[in-house]
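Next come two complexes built around chain A: one with chain B, the other with chain C.
Then we have the complex of A and B:
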């Protein structure tokens, strides 16, 4: 975490500050405009979720209530999609952690032939337009009979998590305090013991953030699930698109949005520090 | 973010045999994701090119450009391509216009409000595109939130961008604000406060400061941002599909429809290869930029 903390604080002013006493009108203005653009659409959705009757010219719903929560939550397709999405995201995140974390450790701490090229190729995998790549993969999956299957979607979503689950943990493992590891080794601890008791606990918070981001990212992943999963595999975002397109009842979409919002709220809470740091942007080659 | 070349004292201390063993361990540890990368990213790209250039017939495989010819002579396909290019250019311009001032503010602001601005600018990153699409329909769609407010204060309704090319533009800009701002702020990290203060003391105005001190420093970051925007808009599916017009459609929905509904896999893959080719220059620049960055750290 140290590099990340450094990165967030490194912009702290070194120059004599002569503006702090003044009101930051520019900042307030930007906050106002951004708040309007960013937050208002989501507030409108939240109001819709609790509206029972909302006809056009009225500024607020004529009748508030929870009727559509009951209606939405009593639909079997909603529960089916919810459980499927959770099952998919858990499977993908666990598989991803299982294969990526050891690889991240190796990239960060071991020396082996081709290390730089292989690591770069993970970062470079973002240099292709993702949807075109999905179509190319779908063409291959079609021959393998993986279209419209659970494991087909798992594979496609697993690829989507690779980059994040490698480069964030690599940074975490590189920032582990070497002196502490050496001290543990001098005290007679074996390599596994050092890894388990010294290295891992230090890297854990960042790794946890990466795992959480992968889980949430997989939960919301729409393109792969739509292209590879259709028509059998209907995840939550896919169901949501069907609701939007068919426009059966406006509130269904609103209730689902508010429900779907919960996981991303947790992601926001736990990973803001990581995402807000300059080192995060560095991963994109700035 | 990472410096792979940091001399690893542990590796150095170890003898030759052990180092050899470590090399093998390292390769084994990275094997699974590397295989996945090879099978599901690198192989599909070559497979896509080969599949569209060679036709299998009884006489064996033969070279053919027929699907490409069909794409470039079909006015509907071309209209879709032009629409995607248009959306890309408009989005890139809007993102620069919005995010550069935002990044400049975040880089140089010293008040506590800057933290709030940063939080708001990063916020869209945590809103999945499906929810965003729905929220935008409810807000700027016909009889949406904006119309309600305009009507209440006695103004005419807006010309709703929903189901026009401006729908995806608004959605994609909204969606891309956080990463664009982050990258530009990171780029601005290279501009030192001292240089700015010195120029200011020498009497440089805001515009001159921006043109001569700041812009030359963040040229690379701006190009990376541009590459990223092009790549992400050519890959966009959800927002164009939900918010965009049905005809012409953007490349994402077009490929999806060709694959799933028309069930013309070869044509869909041809469209994919065309997006690869258009994005290749930007992708190459992006990779070069990462590589250069990492070299600089070594």
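Then we have the complex of A and C:
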């Protein structure tokens, strides 16, 4: 048998190998356009941050340097705003998770009167012009003494995260196979234990994506922080606006932009490794 | 070692009855298959026994104790799900140990029990693997081990092999049967595969529209179906419409005598109960033959255009269009859903064309 096999193999005619994988020109084109639109502005800002002299029509700065970095980083209000932004974002994200995750589980798994209306109501904060809503809330906060306070800004930014922290985790919990939860109950786990040991870990990658998006969204949020927080509470984006308003020096804005990227860039990279893009897509029901 | 009793249970969803007044006794160590088409209510019954659905009427007893209102986590049942339902964020061993940890068992005992359960299902060295690293068959074995490690009184299986290919399914059901016999565990098995039910069960319960059609051993269910539905659902069956007149059927090919009142009936004949022989004078003709290796299935067209199937030995050589004579060794007579008579070989006569 082996001999026959060998003979067959050795006398087998040469089979030409055709290259079946073709270049996806459309895909390459889309990638190129996206790259141009997304990456190029980022590169320009990054170059501006390290440029001391950059005059038109030169493609690159005439002089690179760290003068504007020294100017910016030597200011105590920059560091204050950076730590305040991180503290705010962490507080808002944690509070949002605390409030929204049980609610998301309820929306995904329980059937109660008014469920659909209530679920859609989380869209409401995004269905109207945001600034009008903020002004109305600012009026209420003024009466409550929350203007220009840390917790005032926390509350206003919390409103902005609600939709994301409800809708994405609801999709995540709905994607958890019910049989897995039934199997846990069958093994002796009560409803709370099932949530903690099965539903939450199963939905975790997608929920983590929602948490991260909330953190980044809060970190960059400007209108609410400015309207409610000013003048005492100055987050990084608010400080950037002040810088640019006071003296139109592109480099100051660019340095602050790069500084603003740092936390979210590391968070995104970390999440990309931990979660993978599939979970982001799953969260949006893709 | 336990008995399961369902007493007149009923269940409705949105006003529609899915289970109607169903009663069943499953004896200690018995393996009972719930068999029926989609929507027959078999999974609902299983889920009610497991505690995942609550009956609207009636009661469920395990060893005489009423468990109808007891939540699943407190019931002495273990369930194996169709989708395996393994927790992908845990290892194989963690999946099996989960229920034992909830019972606050000492760590050493848990390890020993997990090892024992893995040994039982032939996966002794797989404890540290992630569940997604296993094949479908291995995953289902882990699911069985996870259910058995808690030593439930009643083992519930909800179409556990439905997602597996046929060879694996046959192999696993033999293994499951061995394990079930070895442990002597009372088992309720839901399937829509009649071959699975016939191969596994001590008794089969055929359900239709939320009601029990028949409860019988596989052998009895196949050879003596009590209703037209069971006759048609289990195995393959030829139904031939005719009339009974003076205790004889007026079918041109199958004239049988049976103590049945005059009126329309259906003659039910299994393909293997029909003998086919070439007959130049016959009006029935071979329409098609299909060779299944173990037997040849002959599709025969009768004079009136009716088709029937006959199972013949593999040596049979029949050509398409060839005229054939037919003999039936067993005929059941149905009127509506009810069976009126079983006619044994001694009652039949050689059937020739008329």
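Just a few scattered comments:
We take it that the second predicted complex is superposed on the first by the 213 of 286 C-alpha atoms of A that agree within 3 Å, B and C clash if a C-alpha of one lies under 4 Å from a C-alpha of the other, contacts with A are read in each partner's own complex, and residues count from 1 in each chain.
Keep in mind that, in the parts below, a contact is a pair of C-beta atoms (placed from the backbone, for glycine too) under 8 Å apart; a residue touches a chain by one contact, two chains touch by 3 or more.
Bear in mind that the values here come from a model prediction, so they are computed numbers and not experimental data.
In the superposed model, A:106 lies in contact with chain B only, and not with chain C. Within the superposed three-chain model, A:197 lies in touch with chain C and out of touch with chain B [touch as defined at top].
In the superposition on chain A, A:87 contacts neither chain B nor chain C. Once the two structures are superposed, chain B and chain C can be ranked by residues of chain A touched, with B on top.
When the two structures are aligned on the shared chain, A:63 is found in touch with neither chain B nor chain C. Within the complex formed with chain B, the chain A residues making contact are 3, 10-11, 13-15, 17, 19-20, 24, 26-28, 30-31, 34-35, 37-42, 44-45, 48, 56-59, 99-100, 102-103, 105-116, 118-133, 135-140, 142, 155-156, 158-159, 162, 166-167, 170-171, 174, 178, 220, 222-223, 226-227, 230, 237, 240-241, 244-245, 250, 253-254, 257, 260-261, 264-265, 267-268, 272, 275-276, 278-286. Partner chain C is touched in their complex by these residues of chain A: 177, 179-180, 182-190, 193, 197-198, 201-202, 204. In the complex of the two chains, the chain C residues touching chain A come out as 50-52, 71-74, 77-79, 81-83, 85-89, 98-99, 102-103, 143, 146-147, 150. Against chain A, the residues of chain B that register as touching in their complex are 1-6, 8-11, 19, 22-27, 29-30, 32-34, 36-37, 40-45, 47-48, 51, 102, 105, 107, 109-111, 113-114, 116-139, 143-145, 148-149, 151-152, 174, 179, 182-183, 185-187, 189, 193-194, 197, 220-221, 224-225, 228, 231-232, 234-238, 241-242, 251-252, 255-256, 259-260, 265, 268-269, 271-273, 275-276, 279, 282-284, 286-287, 289-291, 293-294.
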